[in-house]
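Each of the two complexes below includes subunit A, the first together with subunit B, the second together with subunit C.
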Partner chain A sequence: MGRYVIKRLIQGVITVWFIATATFWAMHQVPGDPLSNEKAVTPEIRANLEARYGLDQPPLTQYGIYLKNLLRGDFGISFTQQNREVNDIIREHFPVSATLGILAILFAASGGVLWGALTALYRNRLPDVIIMFLVILFISVPSFVIAALTQLLLVKTNDVLGFSILPVAGWGTFTHMIAPALVLGLGTMAYLTRLMRSSMLEVVNTDYVRTAKAKGLPAARIFTKHQLRNAVLPVITVLGPAIAAITTGGFVVELIFAIPGLGRYFVEAVQQLDYTVIMGTTVFYGAFLVFMVIVVDLVYGFIDPRVRVS
Partner chain B sequence: MAEITLDQDPGARPLGQSAFEPIHTQQQAQGLSRPSLSYWQDAWIRLKANRRAIISLWIVVALLAFTLIGPLLWRIDPAAQDVDQVSQSPFASRDALLVAPLEPWDLRALALAPPVTDLTLAEPATTQSVRLHWAQLPGVTGYRIYRNIFPADPDRALGLPLGEYLTPDRVTFEDRLDLKTQTYYYTVIGVTPQGLDRSRLQSLEVTPVRAITRAEAQRKGLLAEGDDVPLGTTLKLKRHPLGTDYLGRDMLARLMEGARVSLFIGICAPLLFVAFGVLYGAIAGFAGGVTDQIMMRVADFVVALPFLLFMILFKIAFGIGPGESGIMPMLIALVLLSWPATARLVRGQILQIREEGYISAAQLLGARTNYLVLRHMIPNTMGVILVTLTFAVPSAIFTEAFLSFIGMGVAPPTPSWGSMSNEGIKTMLSHPHELIFPALFISVTVLAFNLLGDGLRDALDARMRSRE
Partner chain C sequence: MSNPDSGTAARHPQVARSGGDFNRQAGLRLLAYAAAGIAALVALMALLSGFGGGSGTAKAIDYERNSITLALRQEPPQMDSTKLTDQVSGMINGHVSEGLLRYDENNQLAPGVAERWEVTETNATFWLREDARWSDGSPITAHDFIFAWRKVLEPANASEYAFFLYPIKNGEAINNGTMAPETLGARALDDRTIEIEFENPIAYFEKLAAYSTYAPIKESFYESTNGRYGADADTMLYSGPFMITRWVHGASMIMERNPHYWNPERISLDRINFAYITSDTNATLNLFKADSIAYTALSTDNLPDALNQRFDMDRFMDGSVFYIGFNYRDGRATQNWHLRRALQLVNDPSELINKVIKIPGYLPGESLFPVWLKGVDGFFRQEYPAPVADRNIAEARREIALAKEQLGVTELPPLMLLSGEDPLSSRMAEYYQELFRRTLGLDVRLDKQIFKQRLAKMTAGDYDMVMAGWGPDFDDPLTFGDLMSSWNLNNRGRYNNPELDRWVRLAQSSLDQQVRMDAFGEIQRILYEDIVVLYQYERGQIYVTNPALKGMVRRAVGPDPDFSNARIVRTDTAG
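And then the complex of A and B:
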């Protein structure tokens, strides 16, 4: 187990280094010097940038400076906003995205397990048919459409009721978080429901379930102790990719619901071609996602002893 | 088969020599009752039995027809703007009243007419002009004229201020400001030395009729050159079956044009990266050993890269900022980032098939490598590849839509379903059709390919067969 952890961590570090390098060279491919953009860069920012990135140096030296800064945990400075460091931006906006993401993943995972188990229990009966229809629907509708339609629905219901059940957009209180978190988690929940259903159907026919029944265990106990526990394992394996999906899905949801998260900031930086912010946030996001996948895999190893062997 | 008959049987024949001959063990018992089916024939029969998959297949065919044949049948320029019908819903009226060209308002005629007591229309309201006339209010120094899209409420905002008069005897106003065929509420308020006299406001609800002049109608091809239809006739404007967008462009034509981008990315990218993945995986699986190890490590790295971040990064690296169209870079980036999943799958398949009995049998019979690959390996992985391909289409379409939505995909004026949704979302509350149609097309396409993929997987791949 220890060796496996170390191996995965080394792999993760190499991947992050690769992401950082790819980001650096991609930004260097941008035609023209980012500083000689038609956008006016004030002399202070230019001086800051040149000092930070050594822009007058050959590319390889710049790459060295860039890596050294990254190792110190310095993601760079914005060159569209004076005196704003990418670290500040991340510190300020990432907690918002993380809160939203955690809520969404909680919603997606619990909903996925619940609905998946339910459809398997009611296989080919009405609840199964209805839920699977909704699942297919939510897998096929892009998140921005769901987000927009949810907003439309909220506007209309708030209009009809005369008071606001949930705010349509914005951030601040817990009520602000509910609608975007639901929308963000919906696609992932649909996917997890599908996975849980097929995994549950597989478990139903296993020998240990038959043994448990033969022993005369109550159905509820078989369901929670034998079926649910084993069926949940494949769901945990895809939580890593699910976190990645929810993180990038957050870009759109934050944009539509006007949430001041890092995702929205990233999209805005992309639209304004704020190269340094794009570089910094890409590396940050990349590192975050790579390590989330590793964490999920390790947790999985803890839960399922069969994995530890291989 | 020979029968041993019993004595009590009335029509019994006496046992002859033939009854004691050995039964020939052959024919029917061994023969197949139905012709033998190839793998693909079997898969096709299975697929045909799956109603959802067949419906999806027809939807895919219909979408391809919509994209390829549609523009030949619906010959409207997707970039042409119809300024008379901006943000028209599909069900909106297309009537337009033929009117004379606008002439300055002759106020002397109005002076001869009977005096009015309240705010009235001096002439029927058209989108050309709305001419208002009201009675002079005693004790005012002037008037203010407002236009609103909600009923006037003296305590709240009165809407758009259109004009202010500083004399009490000017009691007419002509509004020609961007009139649409919707209901307006005009309000006239007297100005007194103490300020606005809100207690004596006059309000009028007006719904202008769409107007068109003869010259305009001829230019748009609604009237022939020598056609002398009398003024006041109602003409029908150009038909837009799915309405128009915020610039008055035909939605149907744009959806067809957008389908080209979305389906091009959605089909070409999976074809390319699945082909590359198959090649890569097959080489790795076939070569084995160190080559295989290295090749798979590379694939592992590419898998670990955050997909959408790199899509965005690639686009920037290609020097395509927001506001520039980049279908090719998007295609290349998709291919570069998406191949490893297929490569892994095919490698696993090849490794498995290599150990199968029929491969050893073929080798024993003297089959060469080429023959093995072409006759056994590829046909046996084909099912898995086809299923991967079908499931790759919706994810590619999603990626394109996502990128176009955040402004990193195709840029205006080129439409794609994603960018059309992005434009539609801004006017979602007032003109929902601009969002609903492109979103519907994305959803139906993705749904069709998902269901088709499910059906294909059930039909082609016994191991991956889902439990329904």
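And then the complex of A and C:
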């Protein structure tokens, strides 16, 4: 087990190095000039700026310096926020995205399993039809539409009630998190519901469920111990990438609900060609994703002894 | 996974029957799970709510605390006055920092840290007031200004707006690294007197002195921040009416009254709470409707919504001018005067505003000099009316024929129109494409690019026409007037006209306002007669404010909007 973990971690480090290298070269190929601004600067001022960011060096030297700093965990200073270190940006804003992401994924996972199990139990009856209709709806409608509609709904509800049940936007208190977390998790929840439903239906007809029934076990026990536990496996598999996708993909939700998450910085950095922030966030997210996949593989082993690796 | 509905349950009634009681029990168990899950979720959310934050649940107007709540369009990227270039940072800076001079509520120059000043052809002297204090209580001295100015010009500091200090003797040489910072032609004669020697005579130095790049910085404090000056609320000292007391990056910023500000009578508010940061105008309108913020700008998209709400709206010109620039490099058809004349004869800025932009408050473009610029006594554009071409399609077609003849072609080559990729720019670019095709039979190809790539293409000259704009840096027609001079780096189309250059040089060097304004009048005439650009519009803004918020100042040059003179007037008693 220990050796397996070490092997996976080494693979992970190589993957992250590959991500860093690919991003570095791809980023330098993107047309546009990171130092350009609305107002043109004199060649001398430009030279000062290039020297400050090391852009006066040939790309290979820049790459070398970059890797050396990366090993020390130093991502450099931002191009757009010139007195802020990329490390500070990640440290201050990732917890916000992560909080939102964790809530969204908890909501998505618990909701997905619940609704998925329900639809399987009520297959082809009214609850199933209604839930599956909503599932299709939430998978197809993009999150920015749902986010905007939710916000509008909050304005109207608060207006009708005469007091604020949930804030329209912003961040800071518990109540600020509910609406954006629901919106962010909705798509994943719909997807997981569908996954859980088909998985449940498959499990219903397996030999071990039939055996359990033949043994005369109580139905509830069969449901929780035999069906649910087996059916939830495919859901766990997609959970790792889904966690990474949700914590990194909240850009639109962060924008609409005015949340200070890292997703917003990431997208804005790409638009602004803020080299250091692009590199920092990509490598950070890359490492995060690789780590989550490893964790999920290990968790998988605990839930299903058959896939446990020796 | 096979089709989930192909299971056997439906075909075996006994399974379905056993599913009946199975459902109830299992459903209850499931419900219990869900309840436990929700409880865990709530507990976790309560636990995590410590992270980040700052929005709170403040009302737009807080009468008890004498405080207003607002939203910022973006996180201020830069509060270090030596490097500040963007509008949002400039707005915040205008509240928390005060230089030698400032703009008052009537947009006139007013004394700031300097109580009086004297500007001659070669020198300027500023006398600082005795009671000007930093937010830590220490006096603001002449040395604080000299330190900041040398810092701006220091090559290693890489300040983009260093050129603002080039009028000071040796400023440019210091920034190029050829002279030492100590040689700067600005000296502190004593703690309260600054003497400045000019590189060349300059007619608008007072206006520059009010700009954020000229703000003071206290040396000992700056050094104590280890290169993080202005990165956080506690790595700055404040010289303005307000100070930043809390800054959660990307989330919120709170400004409170600076107790050491020398002129407390001018401030009424105790607190300005920027509780939200988002560029989504629909979100800010929602916040405004929910009475969470006291002011928001509107966009084409949410204007109808705001109209339905019957909000009181105001409009204001933000000072920027937009136009189509031509590429004058060799080999470009746009070098041809007749082609440009044809385009001028079909261009109708009013049609663009009414049919495409559809935001009241925009003005049709007639000149590179916007309407708000001051002339000799009144407004420049009233003293020097801009010549305007009326639409004349027949005449335009004759010009096209002449252009073809001169260029020696039977068919004009396709013209590349470079533009931004936001919805409004896209619509405008498509409007011009259709207009030039329909009226002149021209083949216009659109090239929509993101901001940085558009700049790169403009600088490289990879276009025929480009939709561009210009906003003022200081309150003098020169900020627009030198834009098309051959040496201006922002003249990205490389327009080169010795006659225009001559007038620009005269406007730069003369101290006689009549002579300077005449020169700008001539520049305006050349821009029209040589069709240097096609005018589009002067940008307006529609915005809504809470009726209880009074005294907010809008301006084209300097911090905008300015809340430093704003006050809360109770409206609930009246209604």
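As a convention for this text, the second predicted complex is superposed on the first by the 275 of 310 C-alpha atoms of A that agree within 3 Å, B and C clash if a C-alpha of one lies under 4 Å from a C-alpha of the other, contacts with A are read in each partner's own complex, and residues count from 1 in each chain.
Everything below uses one rule, namely that contacts are C-beta pairs under 8 Å (C-beta built on N, C-alpha and C of every residue); 3 or more make two chains touch, one makes a residue touch a chain.
Since this is a predicted model, take the numbers as computed values, not measurements.
In the three-chain model built by superposing on subunit A, subunit B clashes with subunit C.
Shared-chain residue A:Leu118: touches subunit C; no touch with subunit B.
Within the superposed three-chain model, A:Glu44 lies in touch with subunit C and out of touch with subunit B [touch as defined at top]. Of the two partner chains placed by the overlay, only subunit B lies in contact with A:Met27; subunit C stays clear of it. In the superposed model, A:Leu152 makes contact with both subunit B and subunit C. In the superposed model, A:Arg84 lies in contact with subunit C only, and not with subunit B. Of the two partner chains placed by superposition, A:Asp304 touches none, neither subunit B nor subunit C. In the superposition on chain A, A:Leu255 makes contact with both subunit B and subunit C. Shared-chain residue A:Pro142: touches subunit B; no touch with subunit C. Touching more residues of subunit A than its counterpart among subunit B and subunit C is C.
Of the two partner chains placed around the shared chain by superposition, neither subunit B nor subunit C is touched by A:Asp74.
Clashing C-alpha atoms with subunit C after superposition occur in a single stretch of subunit B, namely 149-157 (options considered: 5-13, 95-103, 149-157 or 185-193). Comparing the two interfaces of subunit A, the one with subunit B and the one with subunit C have residues 31, 124, 148, 151-152, 155, 198, 201-202, 255-256, 271, 273 in common. Note for the complex: subunit C touches subunit A at residues 1-2, 4-5, 7-10, 15, 18-19, 21-23, 25-30, 33-34, 37-38, 40-41, 44-46, 48-49, 51-57, 71, 75, 77-78, 80, 83, 85, 155-160, 162-163, 172, 175-177, 227-231, 235, 248-252, 275-280, 282-283, 286-287, 289-290, 292, 450-453, 455-456, 459, 471, 473, 489-490, 492. Those residues of subunit B whose C-beta lies close enough to touch subunit A in the complex are 300-301, 304-310, 312-314, 316-319, 321-322, 394, 398, 401-402, 405-408, 418, 421-422, 425, 428-429, 432, 435, 439, 442-444, 446-447, 450-451, 466-468.
Against subunit C, in their complex, subunit A makes its touches with residues 31-34, 36-42, 44-45, 47-49, 51-52, 80-84, 88-89, 92-93, 95-96, 99, 102-103, 106-107, 110, 114, 117-118, 121-124, 148, 151-152, 154-155, 158-159, 164, 167-178, 181, 197-199, 201-202, 204-205, 213, 218-220, 222-224, 234, 255-261, 264-265, 271-273. Subunit A makes touch with subunit B in their complex at residues 11-12, 14-15, 18-19, 22-23, 25-27, 29-31, 124, 136-137, 139-142, 144-145, 148, 151-152, 155, 198, 201-202, 244, 248, 251-252, 255-256, 267, 270-271, 273, 275, 278, 282, 285-286, 289-290, 293.
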